[in-house]
Every structure is written in C-alpha cells, then in structure tokens.
Amino acid sequence: MSQTIVIEQLRSRGVEVDSIVDLVYQLQAPYHPGLTREECRESVMHVLAKREVMHAVVTGIAIDRLAEQGLLPQPLQTIMDRDEPLYGVDEILALAVTNVYGSIGLTNFGYLDKTKPGIIGELNRQPVHIHVFLDDLVAAIVAAASARFAHQHEARSYIESAPGVRDA
Amino acid sequence: MSQTIVIEQLRSRGVEVDSIVDLVYQLQAPYHPGLTREECRESVMHVLAKREVMHAVVTGIAIDRLAEQGLLPQPLQTIMDRDEPLYGVDEILALAVTNVYGSIGLTNFGYLDKTKPGIIGELNRQPVHIHVFLDDLVAAIVAAASARFAHQHEARSYIESAPGVRDA
Amino acid sequence: MSQTIVIEQLRSRGVEVDSIVDLVYQLQAPYHPGLTREECRESVMHVLAKREVMHAVVTGIAIDRLAEQGLLPQPLQTIMDRDEPLYGVDEILALAVTNVYGSIGLTNFGYLDKTKPGIIGELNRQPVHIHVFLDDLVAAIVAAASARFAHQHEARSYIESAPGVRDA
Amino acid sequence: MSQTIVIEQLRSRGVEVDSIVDLVYQLQAPYHPGLTREECRESVMHVLAKREVMHAVVTGIAIDRLAEQGLLPQPLQTIMDRDEPLYGVDEILALAVTNVYGSIGLTNFGYLDKTKPGIIGELNRQPVHIHVFLDDLVAAIVAAASARFAHQHEARSYIESAPGVRDA
C-alpha cells in the first residue's frame, strides 16, 4: 500500500496517524453527532493514499530534514533557518494536498494553520527540529480528510431533486 | 480609478470599505503595535485596484444577484438557493483574490471564512439576500490586504544578509 | 448518475462527449500504442462524474448563457460581450476542473487552450453564441481525463522498487 | 536589487535572462507589431523581482541540485532520478510563479511546457544535469512575463467605457 511511505515519513518526523485522526474528529464532531474515530481514520487513510499527497509530503519533509542538517544551498538554508514568514512555498505545497478533495478544504486548512491545535501546535513550538513544511502539510491532510468526509456524508440528494434540471 | 467599480459593487450589496478595513485592522493589530487604520485602508485600496480582484468580485456578485432574482439556469439556481456546502466555486474565486499577494494569504482567508467576524458574519446571518460568493470574497479581500501588509512591513533584510548568497 | 447533468449541459451548448473523447484520444495516442477510444471515454466519464467538475461546468455555462441573453449585471455583461482577454475567471474555473486529477493536467490544459484543436476551436470560431467559459472548460475536461489516464496507465512501480524507501 | 539572486541562481544552472527574453519575444511578437526585445526584458525583470518567484526558483533549483548530488532523502531521490512524470510538485511551484500576474498566464505556461521551445527544450534534452524543476520554472517565468505584458499593453479602456457601470 502506498500510504505506507507517507505514514513512515510522517512518523519519522514525529507525527502519528492518530494525531491527525484526533484533529479530524475534533473538527467534524460538532457537525456529526455519533461520529466515530474509525470513520475519521478511514478518511485520513484515503487522503494518505493519494499520489499528490505522497509527493507533497516527501518533498516538504525532505526540505525540512536537509534544512536541519544544514545541507540546503543558499539562500534557501537561511530562509528555512529563520522560518521566513513570507516564504510561501510551504502554503503552496499544502494547497496541493488540500485540493485533493476539492476547494472546500481551503477554509479548514487556513483555520488549522492559524489556530494550530494539537500536533500542529506541537510541531510549531518544538525547539530542535525544523518543521517549516510539516506543520502546513499536517493541517492540509486534516483539511483534505475533512473535505472528503463532507463529500461522503453531507452529499444530499440535491442533484436528483433539483427542479428543472432536465430543462437546464 | 478602477477600484471605483469594485467599491460600488460591494456597497450595492451592503459592504462598505470601512467594514473591510476594520477586519484588516483587527487581524494585524496584535502583530503591529502602533498600526493605524489608515495603513490598513491603503492596503485594502491596493487590493481593490487589482484587475483579478475586480473580475472575481463582479462575477461573484452577479451570480449572487441573479440567484436572488431567481434568474439562474438550473441546476445552478437550486445550488445557490440551498447554499450547497459542497459547491466550492465560491472558494475558487476567493482563492484567486487571496493569491494577488501570494500564497501567504491562504491562512487568513481560511481563518476568516471559518470564524466569520464582523461584516463576514453579518452577510452570512442575513436572511433576505443571497451571499454565497460575497462573504468568501470579502474574507479573501481582507486576507489579501493582510498579505500585502505583511509583504510591506515584515520584509526584513533576509535577502541582503543571507550568508553565502553569492555562491549559491 | 450525476454525469447526466454535465453531459446534458454540455450537449445543450453544442458539445458532445464524443468530441471530448476525440481530443483525449488525439492527445494520448502518440504515447500509448494500442490505445482505444473506449479507454479514453472511460476517463472522460470519470471526470464528468466529479462534483467539482459539475459545479464548475454548470456555473460557467450559466454565465455564458446569461451573457448571450444580455441578462448579466454590468460590468460583467460588457466583459463577456467583448470576450475580454484579461478576464481570467474562465481560466480559474478551468483550473479547478483540471486539478481533479492533480497538477499534471496543467500542461495539457494550456496547450489545448492555446492551439484550440477540434471542438475547442469550433466553439471559439463560432459567431452567434458566447463561449467565454465553455471552451476553457472543455480544454480542462480533456486535460483532466488525460491526467487520469496517465495516473492509471503510466503508474510504474516506482514506489515499491525505490531503494531505501524503508529507511527514508 | 532582489532579482540579482534569482538571476544568479538561474545562470548557475545554465539559464541566461536573454534566453528567457527570447521566448517572451517569440510568444508576444505575433500579437504586437513593433514589439522590442527591451520591452520584453522589462517584463521579465519585473517577474524576477517578485518575492514568490524568488522563493519558488530557489526552492526548485535547490531540489534539482541536491538530486544531482544524490543528497536527497528517499523516496524523493528516486523520483527525481527518474523524472517521474506523475510527480507534479514541479508544476505546482510553476503555477505559483505563473500566477503572479494572474490566471491568464496559465495557457502560455502549458503551451511552453508541452512544446518546449528554446532554452526550455535545451534544459530538457540535456543529459548530465537534473532539471525536473528548472524547465517548468523557466516556462512559468516566460508565461508570467507575457501575462504582465498583456496587462500593460492590451488593457483597453473597457472599464471606463462599459455602459451602465454606474448602475451595476
């Protein structure tokens, strides 16, 4: 299974799938009484199986890792060392992850990236490692999993019941 | 001045530039002691002068307005009537606005769209008019103005001072 | 099936699924000896079943249609009447369609939008109807179907065979 | 001047500003009789001065360079070695560059990335170096410079002359 790579990469940087599932659950529970963690996990696993997600995650983590080792060419090493707030490439990669289940994930991504709950905040406060990309990527995975969840569960029958669809 | 069109369009739908300036000020004040509303207004006016912003705003407002009048072809009329949560085209237009000052605006857009402060919440709670696009567009304008502000004020001299830039 | 709506909408504006399949076939045949039109059609049908695609298509076609009827509020009506080259919202909607199978569709979208083969050129040269959105949407559907095709057929076993993946 | 960094980075990988100007000229000349190379160069220099462009270019070139040296963590090293066609992160970074002058650059980006004229093709055919990101970045810079050019030169007075703008 291709998620294996993403899961191993995330774990090697201190992020367990469980921490991601926690955030999806927190975000979705208010809207879905009776929601189980198992349903959230299923959505997360689907996101982690997407090729775009794997590619963004392995790229972002590679840059974080090389920055920690001081191996990046300049001026990228300096940008990463300072966690330059105007860098923006971390948000760009995160957007590619968020988009795997459509644009409705954008809102949750921004909210998570601003409020930094759970593991996202831990990555951010953490003094030794460089996580310029990783915290955004985790927020994006949570946002995408929530978007997928919304597509599965809130998909009401508006299509079939729309009046006048035939003569549109 | 081309902002005139955008300003008139927003006003015709109940959004004053002042309400947008309020949100930029709220969002940026914690990070910038001594920030004035005038500086925030300047950023907002720059955003409103961008052609992408004008095009997104006039398009979104046109669809909102036609939806209110019941003039949209099906199935779009039904989608708008229900404020279908999975529609997503509103977020897509908003993203185009947010991006005029780069990807760093994404986070603030999502945060505003989720927490709906000030005029964004008023548009949303408002029972008569249809504002499927407008609330997202306003959040995006605020996010873009904040991004521009960050580009202007936080742009530290990391470029000039980066060690080894020459041999990069 | 939800594609039905998209197929009907496209047909009502002069675009048959067959014309879309033709373009996918033309684009992919050089890379895949033995490719059948049936395989191309399958990819197109998958793209047309995506909710993002449906929403973008019904929105774009609604604006085209209302422009033709002169029913859009100003200044959007004028922008559409002139097929204003700097409008850009048509490309934004098209990008949302192209992205349903990831960023690799971007290249083909741009190529099709520039060279305008087959039905895309016909829509463009056509004197009576307004197709500001439709030609871009068709190019985007072809690009997305080609991207899906690439994901299905070119997906080599690079994941399983990558050396050192385990210790990454 | 901040373009200096981008110009040096591009040159260190075999791309002169002149080669980029050539492509902008080729792309725009058919539409603008009397166009000079100097006007094209001015647009290119504006694009290269944008912070998003600098960040995307230094990031993409860093990954190309580390791939050549075999220093990337797995599985990214393998993906880069194979120039994996489904990678997609190169297109994502390129999109961020293309977008600095709005979505109208998308079409030219795709066209250039598919037809690979001039320096783009040279980078691609070149047997020793790894240019997974660089060829896309150059195409994106050309597309953005062309978009800026269109904004400057084709901006007709549609705004001022639009009938009914006031009562929109």
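The first chain written gets the first letter, and so on, giving A, B, C and D; residue counts start at 1 in each chain.
By definition in this document, a residue touches a chain if its C-beta (ideal position, glycine included) is under 8 Å from a C-beta of that chain, and two chains touch if they have at least 3 such contacts.
Bear in mind the structure is a predicted one, so any value in this text is a computation, not a measurement.
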{"item": "Equivalent interface positions on chain C and chain D, same or different at half", "value": "same"}
{"item": "Centre distance in Å when chain B and chain C are each reduced to the mean of their C-alpha atoms", "value": "27"}
{"item": "Between chain D and chain C, distance of the C-alpha-averaged centres to the nearest whole Å", "value": "23"}
{"item": "Shared-contact residues (touching 2 or more other chains) in chain D", "value": "5, 51-52, 58, 73, 75, 79, 86, 88-89, 92, 95-96, 102-103, 151, 155, 159, 165, 168"}
{"item": "Category of the chain touch graph - line, ring, star, complete, other", "value": "complete"}
{"item": "Interfacial residue positions of chain B with respect to chain D in the complex", "value": "2, 5, 8-9, 12, 51-52, 54, 58, 96, 99-100, 102-103, 151, 155, 159, 165-166, 168"}
{"item": "In the complex, chain A residues that touch chain D", "value": "5, 51-52, 55-56, 58-59, 61-63, 65-66, 71-73, 75-76, 79, 86-89, 92-93, 95-96"}
{"item": "Complex contact set, residues of chain C against chain D", "value": "73-79, 82, 84-89, 91-92, 94-95, 102-104, 106-115, 150-151, 154-155, 158-159, 162-165, 167-168"}
